[in-house]
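Each in structure tokens, the structures are laid out below.
The following pair of complexes shares a single chain, chain A, combined with chain B in the former and chain C in the latter.
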Partner chain A sequence: MPLDLKGVSKQVGGETHIYPTDLTLEPGVFNILLGTTGAGKTTLMQLMAGLERPTAGEVWFGGVNVTGMPVQKRNVSMVHQQFINYPNMSVFENIASPLRVARMPKAEIKARVERMADLLKLTPLLGRRPSELSGGQQQRCAMARALVKDASLVLLDEPLANLDFKLREELRDELPRLFADRDCVVVYATTEPVEALLLGGNTATVFQGRVAQFGPTGEVYRRPGTLTSAQVFSEPPINTAPVTKDGATIRLGEHTDWTAPPPIQALPDGAYVFGIRPHHVTLAPDGTHPVAIDGMVLVTELSGSESVVHFRLGADDGAAPWVSQSHGIHAVPVGQVARLHMDVAQGLYFEPDGARIAA
Partner chain B sequence: MAKITLAGVRHSYGSTRDDRADWALQHLDETWEDGGAYALLGPSGCGKTTLLNIVSGLLRPTEGRVLFDDRDVTDQPPDQRHIAQVFQFPVIYDTMTVHDNLAFPLRNRGVDETRVKARVREIADMLELTDMLGRRARGLTADGKQKISLGRGLVREDVNIVMFDEPLTVIDPHLKWQLRSKLKELHQRVGLTMVYVTHDQTEALTFAEQVMVMNEGQVVQIGTPVDLFECPQHTFVGHFIGSPGMNVLPCTLEGGKAVVEGHAIPIANPVTSAAGRLEIGVRPEFIDLADRGAETGVPVEILKVSDAGRYRVVHTCLNGFVIKALVSEGVEIPADGARLALAPEKTRLYADGWLVPDGGTP
Partner chain C sequence: MRRLSPLVPALYILFVMLPIYWLLNMSFKTTNEILGDFTLWPREFTLENYITIFSDPTWYMGYVNSLAYVTINTVISVTAALPAAYAFSRYRFLGDKHLFFWLLTNRMAPVAVFALPFFQLYSAVGLFDTHLAVALAHTLFNIPLAVWILEGFMSGVPRQLDETAYVDGYSFPHFFVRIFLPTIAAGIGVACFFCFMFSWVELLLAKTLTAVEAKPIAATMTRTASSSGYELGLLAAAGTLTIVPGAFVIYFVRNYIAKGFALGRV
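== the complex of A and B ==
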């Protein structure tokens, strides 16, 4: 049963938190809300859950208008970034609590709790209190409680944000599997583009109270509809620069130009915006259409396996620096001009108003 | 600024000290050079905060000495150690202006007001806070506040060391990029000894010249980011650094080759014999995928492919053991089965978790 937001908006005081939004979320697939803190992800979830009432518009679930129906009547589960467990109950009792509220028979409660504990690797810990668990185990306990009942809508609001890096990696692998055979709508909010990509499913890029784009995750990442959507879905940030189209030629600054792809060539001459993700700007030529570009190196970051160079294209005009991300370790001296290579075949072209031009 | 020496430092919080597990910090002999950039990297509970508190003087180690240059400071209280600390959550005064927040640590020490002004200006400049100096801190965003915290940590010139305890954990990813590179730039400019504590490998590897990887109260490996990536001394380091971490598979040793589930696999460390629980370790970056018809390589099933944008993580399975391989954007992945080629110069033998030294163990 799908969840439908039909023209849903939310105003608080004189301020608009969510602009009119239409969104259809299907069961059986991860629905990801991707955006920075304050973009409106949590508000959207509260509107979906019935914790907040929309100022305008309707919320439909499985073809039924549920606008205004309180959360208690909606069969919703929610997991927050700050995990919440009952401190005086064992892990078993914590997980069992929603089933006890629903007056499920004892034998079935036991079977369900054990199955969930097995999936979330909590079996050896069932007798412990939450205070005797690590942060990751506490969050798994909170997650098990949210998943043990057959909720028709499961909302996960940055559930991994407070966990150690490695634990996050592990749970991210496990999560989609937990929902594989369940008929519920799953919504997952995150601030991290890579997390959205690895979880797969569908992604909505959210920016300043608006859904910028919604579609299959890989599609939204590779074919952003707007510059805003591309910016929300890039980490490190996508590099952008104003360019001029002149016949078949694209010019970036005074010294860099290349031949535009045919669909771009067909456009009227003039000003456009070019965007390219950092891993397509490298220290050695890479890809099918490398174009050299010089930059003043501001910072270099060498991790164990790659080199990240922050650089400025021209004079310091207040524009955000560009970032290049290359395989291997290349020490580039700071404060000097370095030659970098853009694989322009991977570049994105935008109208001055931000709409992407298919190339 | 100072060189920091930890000599035979151990710490236990409890009264019983019979067991390994009673020691939050097992044993540490380490020197941080003057002006260096170091990271302490490990999971929650690995002992990194204990170590930080020992250096700052909040904890007195159960055993061992702490030296700043050649001065023994083991019994010195924190306020006499001249240390600056930046924490996970911004520590600032909401009612003060940005300028007064930055000036606070200097005024507190009775620094001359003309010097205060000059130094605040300099730090504000580096952190791009100059435009905000007159504003109250209250109205600033989370990252703006954390920038001020960083500035307060860096404003004093007479500190022995600046310690950062998970300073970017609460910051959004796209701002993390900016602040991280800012911090790196600042280290390059101010030349203070800096120690950065984190569980996030990316932050540790990009910030530090030397990374100390800790687990269960001990330092497992100290090295440059490249050392840690290319040649993990312990399977824990291989797992903890890299995303996804190193593949670790049980094996036996026959004729200088590792044998995994009946497949002979060449290894980089020349080893004739090894004792203990044997495993090979190879990073997903160093595995190539060929289709199942290839003549060589380890035959595997493909379980799942995760798209990470610039690469894909291919989860494969060999008789129940999961092996992950990274494949670049745009490279084709065989649909059903595949054969894996493990780069011999990057595949190593480990015994009881530790890298087997050349020649092997008796």
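== the complex of A and C ==
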């Protein structure tokens, strides 16, 4: 049963938190809401769950209008970024609580809680209080509580954000398995593009209260509909620069130019925006169509296996610096001009208003 | 200098404890000894004072009355403050911040200001000289205090806990009683303690609004002389006993007292 948002918007005291949004979320795949903190992901989830009433528009679930229906009647479950458990109850009672409220027979509650505890490796901890658990265990407990009832809508609001790196990877690997045999709509909010790519499914890029784009995750990543969508779905941020098209030539600044791909050549001459992801800007020439650019190096970050260089194209005009991501460790002197190479075959072209031009 | 340093806290404690010791000391003396020579400890140790208090209804009923209205007051104050504090902590409504602050201003006027209107009002409706009268009068300053303390504790509980409970299927009343109240149990304890304490030590309203039936112990204690002359030993014993309930109650909230004085906002 799909979840439909039909022109849903939310205003709080004259401030618009969510602009009118249409979204159809299908069961059986991860539906990812990708956006920075404050973009409106949590508000969208509250609207989906029925915790907040939309100012305008309707929420439909499985062909039924559920707009005014209270959350208690909707068969929803939710996991928050903060580890939320009932502090006065044991882990067992925490997991059992949605079933107890639904007045399920005791024997079945026990069986279900034990199965869920087994799945989430909580069995030895069932007698403990949430305050006696580590962060990862607390979040497992919250997840077990969300999964123990057969909810038709499961909302995961940045469930891994407060966990340390190792635990995050571990739980993220488990997630698809937990939902493998369920027929429910799963919504997963995250701020990290990598997480969206790893979980797959469909992704909605959310920016300042608007859904910029919605579609299969890989599709949204490779073919962003707008510059905004590309910016949301890129970490480090996508590099952009104004370019001018002059016949078959694309000019970036005064010294850099290259031949545009055929679909771009067909466009009228004029100003456009060129975007390229950091890992297509490298210290050594790479890819099918490398173009050399010179940049003033501002910062370098060397991690175990890659070098990230922040640099400025041309004069300091207030534009955001570019970022280059290369494999291997390369020492680049800060404060000097370095030569970098961008694979323009991987570049994206946008209209000045932000719409992407198919290339 | 270094060798003197343990002396400073020792002296401090000595000075703090001195009045309490003197009260205790007097309570075991006869009135004659108190009025006679200066003695550091009872020459004629006597339990007579305590026996009188526990056997004479005009004395022990003072404690019963005080405990009765303090308990009623604590129950009313905390029960009324819980939903109010929840509303202030979770909802935004017109004038919420002003109303919240206005509550506290109720504590800023001397209690004496309210003695006359309360006396007049309660006499008119037949509440005069009842436990309920004093209990209700004390809610004037205890409800605002309880609201402030509870609001602080409640705001320390993430809103997502409420959401999680609703998502799990809990109705609001069910959630409030089964999950929310146990979560802020410490805050409720502290609020109860502060209500108890302020109601227990308040004398003016309690004395004004009662005559015989509901006369509090503090009012009984303010009579210094009776038909049998000065009864200083008796008064000292009564005073000693009056300290006990406060010390007893404070023991239970000792770990949260500081948070309570910060109105739950630490």
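In this text, the second predicted complex is superposed on the first by the 359 of 359 C-alpha atoms of A that agree within 3 Å, B and C clash if a C-alpha of one lies under 4 Å from a C-alpha of the other, contacts with A are read in each partner's own complex, and residues count from 1 in each chain.
One rule holds in what follows: a contact is a pair of C-beta atoms (placed from the backbone, for glycine too) under 8 Å apart; a residue touches a chain by one contact, two chains touch by 3 or more.
In this text, all values refer to a predicted model and were calculated from it rather than measured experimentally.
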| item | value |
| --- | --- |
| Chain B versus chain C as contact partner of A:Asp257, first or second or both or neither | neither |
| Greater residue coverage of chain A in the superposed arrangement, chain B or chain C | B |
| Which of chain B and chain C A:Glu58 touches, first, second, both or neither | neither |
| Which of chain B and chain C A:Asp294 touches, first, second, both or neither | neither |
| Chain B versus chain C as contact partner of A:Ser303, first or second or both or neither | first |
| Touching partner for A:Phe165 - first (chain B), second (chain C), both, neither | first |
| Residues of chain A at both interfaces, chain B in one complex, chain C in the other | none |
| Residue ranges of chain C in contact with chain A within the complex | 92, 158, 160-161, 163-171, 174, 179, 182-183, 185 |
| Chain B - residues contacting chain A, complex | 43-45, 142, 172-174, 177, 180-181, 184-185, 188, 199-202, 205-207, 225-226, 228-230, 239-245, 285, 306-310, 313 |
| Residues on chain A engaged by chain C in the complex (per definition of touch) | 13, 46, 49, 51, 70-72, 76-78, 80, 82, 84, 86-89, 97-98, 101-102, 142, 145, 149 |
| Chain A to chain B touching residues, read off their complex | 36-37, 134-135, 164-167, 169, 191-194, 197-198, 200, 217-218, 221, 235-237, 277, 279, 298-299, 301-305, 308, 310, 323, 325, 329, 334 |
